[in-house]
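So that you can tell them apart, the chains are marked A, B and C in the order they are listed, and the count of residues begins at 1 in each.
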Amino acid sequence: MNNSVITVRNLVKKFGSFVANDNLNFEVYAGEIFGFLGANGAGKTTTIRILSGLSAPTSGEVIVAGINASKKPEEIKKQIGYMSQKFSLYEDLTVKENIMLYGGIYGMSKSLIKERTENLLEKLNFRDYGNKLIADLPLGLRQKLAFSIAVFHEPKIVFLDEPTGGVDPITRRQFWEMIYETASRGITVFVTTHYMDEAEYCDRISIMSEAKIVALDTPENLKKLYNAATVEDVFIKIARPN
Amino acid sequence: MKRFLGFVKKEFLHIFRDYRTLFIIFGIPVAQILIFGFAISTDVKNAGVAFLDLSKDETTQKLTDKIISSGFFKRTENLVSYDEIEDIFRKGKTKEVIIFEKNFEKKLQNEGKASVSLIADGSEPNTATLVTNYTMAIISGFNTDISGIRANNPILIQPEVKMLYNPELKSQHMFVPGVITMILILICALMTSVTITREKEFGTMEVLLVSPLRPIQIILGKVVPYFLLSFINVILILVLSWLVFGLSVKGSIILLLAESMLYIMLSLSVGILISTIASSMQAAIFISLVGMMLPTILLSGFIYPIENMDDIYRYISYLLPPRYFITIIKSIMIKGTGFLYVWKETLVLLSMTVLFIGLSVKKFKVRLE
Amino acid sequence: MEKVIESTDISKAFGSTKALNDIAFAVDESEIFGFIGPDGAGKTTLFRIIATLLLPDKGEMKVLGMDCIAGFKELRKNIGYMPGRFSLYQDLTVEENLNFYATVFGTTVKKNYDLISDIYSHIEPFKKRLAGKLSGGMKQKLALSCALIHKPKLLILDEPTTGVDAVSRSEFWAMLARLRQHDITIIVSTPYMDEAMRCDRVALIQNGSILTVAPPQKIRNGFSRKLFMIKASEKYKLIIALRKYPGTVTAYPFGDSVHVTFSDDSIDESLFRFLSKEGLSKVTAVETEAGIEDRFLELMEKGAKV
C-alpha cells in the first residue's frame, strides 16, 4: 500500500554479537492505531528507538514519514511525537510552561501555540490548571496532558511507550478515546503496552518474541488463527519469554 | 533559533526552582569570598613568640619590647634555659623562639656586633618563613635606629635563623598531614552517607527495617568495612610519603595509628548523621562534599593558620573535627610529641565521636518517616 | 478463627494529601486477599502500615494478634515483605541475595528450601547472575523467594506484578495459589483488575477509600444493571454514537467491544436504527456478564470523583 507511514524491510540491529532485532519486516499505514507488543527483552524498545531516529539500524531499510532512518535520523524527529511512561513532562514547570517549551522546540509560532493551548486546555477540562506545576497534578491528568503535548505539533506519527501504566481504569479509557480521536484526524499512533485488553483497541498488532516478529495482523484475525478468546491468550501461546 | 531559546528558558526555570543549584551558583562564591577575605590571611598576626634572654640588659629589653609592640607577635613565655625550647614548641602555641646571647649589650658596645638566634617551628613552613622574616625586619629596623648614634662603626645585630623539625622547610611536611586529615573525613563521611541513602533510594532499606536487624547492627554493619579500608588507606599514604618524599614519622607510629582510628570513627559517624538528614544519595553527596569540604580546607588550619584568622572564624574552627586532628597528626608526625601533648585534642575528638554516634542511633528511623 | 489482620478506621495523611480515609477490613488465615486499585489509591501506604513501616494517624491495626505500633519488633520476625520495585541488591548475585535475607532472618536457605523450591527452581540455573541483570519476571521470583525464606506467617506483596509481562504474571499467581498449602496468609496489591479473580477476597480501593470488600464473584454479581456488549465496524464512531443515544447510561470501551448500560436495561430496534443512521454497520449487541472491572468503574462513578 502506498499510504505507509512506516516501512521496515529486513531490519537488523546488533549490539556487538547480540542480535536485538532479527530481520524485521512490517508496514504501518496512515491513520492506523498500531499496537507493538512483546515480552520484556524481546527487542521492542530497540525497534522504537530506531523508528524515532534515536538509534541507527545495523542493516536493512527503515523509512519513517518518507525519511530514510539510516541516512537522515535527525529529520525524522521533526515529523514525530513521542511519549513514554518513564518521562513525559518536567515536574518543576507548570502546564503552560511545558506546552510552550515543546511548542517552541517543534518550531511552532507563538500565535499558533497560543491558539492550540487554549483548545488543549479546553478539551482536557484543564482551564484552572494552566499555572499548576506538573508535580502537583495526579497521574491520570499528567498522562493525558503528556499525550496532548506529544501531538501538539500535529506530527505524522506519534510513538507511545507504555503510556497507561498504573492509571485508574476510567482515565485509561479516556486516554484511549483521545488516541482514537487523534487517529481519526489522520495521525498514526504507534503504541506499546502491557495491558492486553488495550491491544484489542488497536487496528493491527504485532507481537515480538526473541528479536523476531512472530505475529502481525488484526486482533480479530489473530484470535481466530490461534483459536484464542483474547489477545492475552494469543500472547501466552506464542510469546513465552525466557 | 526559537527552539534554542525555548530550551534555554526552560533551563533557567529549572535552576531558579531548585534551591540546591542556586546555592552552588551563588552561595558558594559568596561564602568563599567572605572566608578568603576575612579568615584567610597570609599576614602574620598574633604569632606566639617566646624569649630566651640570657643577657637581660637594656638593649635586649628594648628589642623585645619593639618586637612585641609591633602587633604581629604575642609573647607566650620567657624561657630560662635551652632545655625548655623543645618543650615549648611541642606545646604548639609558640611559633618562634628568640634567643639573646649572654652579655648582649656589652658585646654590642665593645665588639660592634652581637647575635640573636631565631628558632622557628618548621612544621608549618609558610608561617615559619613569614615569622622569621618579620622578626628580621624588625631587628633590621632596630639596627638602623641604634646605628644612627654611632655613624662610623655600624652596630650589627646578626640574626641567625634555624628551623626546627623541618630544617629544609619541605612543604610536604605541611601538606601530607593536611591531606590525610582532609581525605579521611571527606571519604569516610561521603561513603557512609551514600551507602545508607542508596538503600533508601533503591527500596532495599524498607526490607532491612522490617527484618530483625536492629538499627545499631545496621549502622555498625555499614561502618565496619569502611573503617578497615580507611585504616589501610592511612597506612598506604604514610608508606607512600615515606617512599616518595622521605617523610618519616618522628613520633610514635602506634600513637599515630591509634589517633587515626579515632578520627576515622568520628568521620564515619559524621557520615551516618548526614544520612539521617539526607533523603537521597544526591543530597548526601551534596552535604558531604560541598558542606564539609570547604570548611575543612579553609578553616581547619590545613593551609591557613588558625591564629591568623579573625575571631569569628577561629570560633567556627573549634567546631570542626579536622582542626583537632591536624594538630594531633602534625604533632606526632613532625614534632614527635607523645600523648601528653595531644591529650586535649584527643579528648575533644573522642567526645565528638560519642556524641555523633549517639545522635545517629537516636535519629535512625525505625520506620519510614 | 482469629483474624490475621484486623483494621478499624485507619487514616493517614502526608501533609495536605489524604492517603487513607477510615480504612476498615479483616483478613482470614490462609486466604489470598487482594487490594485492587490504580496508582495513588493508597495501596502502598496501607501495606507499609501493615508491615510496621509507617504509623497511622488514627485508627487501630492488629496484625497476627499484635498491635502494629506497639508490637512491631515481634511482628517483623513473622512478616515477609516484598515492596514495589522488588528491592533486591542489584550488584549481588541471585544466590547472594537469597543467602543475605536468610541470614538476616536467622535461618538458612536449606532449612526452608521446600517452601520456595517451586519458585526458586525457575531461577536456580541463574544463581550466579547479578540480580540487576535479571528480567522483570525473574526479579519477581527472586524477590518472592527472599520474602518467603524465613517462613513468615503473613506475606505482604506490594504490586508484585507491575511491569512484568503477561506470561510471568500468570505464573506468579499460580505460585501464590500453591503457597496456600503451607498455611501462609497472603495480601497482595495490584492495579490489574483481572488479577482480582485469582484472590479469595478482594478490596477495591480508590483515592484512599475502600469501595467494597467481598469475594470477586460476589463483586461481579453486585453490578446493578444489565450489561450489554456492542460491536460495530468502527470502534471510535461507535463509542461516540452510543454516548449520543438518549437511552445510554454508561458506555466504556472494553477490548474489541463497548460495554453499555441503558436506562431501561434493554435494547430494541430504535438502538439499531440510531446506530445505522450514524453510519455504523455490522452492529451486534449481546447481553453479557459484568466483570470486576465493570463493577469497579460503576463504583468509581458513584463514589469518589476522578
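Going forward, contacts are C-beta pairs under 8 Å (C-beta built on N, C-alpha and C of every residue); 3 or more make two chains touch, one makes a residue touch a chain.
Note that the structure is a prediction, hence the values are computed from the model and not measured.
Taken as a graph of touching chains, this assembly is complete, with every chain in contact with every other. If you compare A-C with B-C, the chain pair joined by more contacting C-beta pairs is A-C. Our note on geometry: subunit B versus subunit C, Cα centroid distance of 59 Å, whole angstroms. Centres computed as Cα averages put subunit A at a distance of 27 Å from subunit C. The part of subunit C that touches subunit A in the complex is made up of residues 37-41, 135-137, 162-168, 170, 191-193, 206, 235-236, 239, 252-256, 293, 296-297, 300-301, 306.
On the subunit A side of its complex with subunit C, the touching residues are 39-41, 138-140, 165-171, 173, 176-177, 180-181, 183-184, 194-197, 200-201, 219-220, 230-232, 235-236, 239-242.
Residues 202-204, 206-213, 366-369 of subunit B are the ones that touch subunit C when the two sit in their complex.
Across the complex, subunit A meets subunit B through its residues 90, 92-93, 97, 100-101, 103-107.
Contact residues of subunit C toward subunit B in the complex are 48, 51-55, 72, 76-77, 79, 81-90, 101, 104-106, 146-147.
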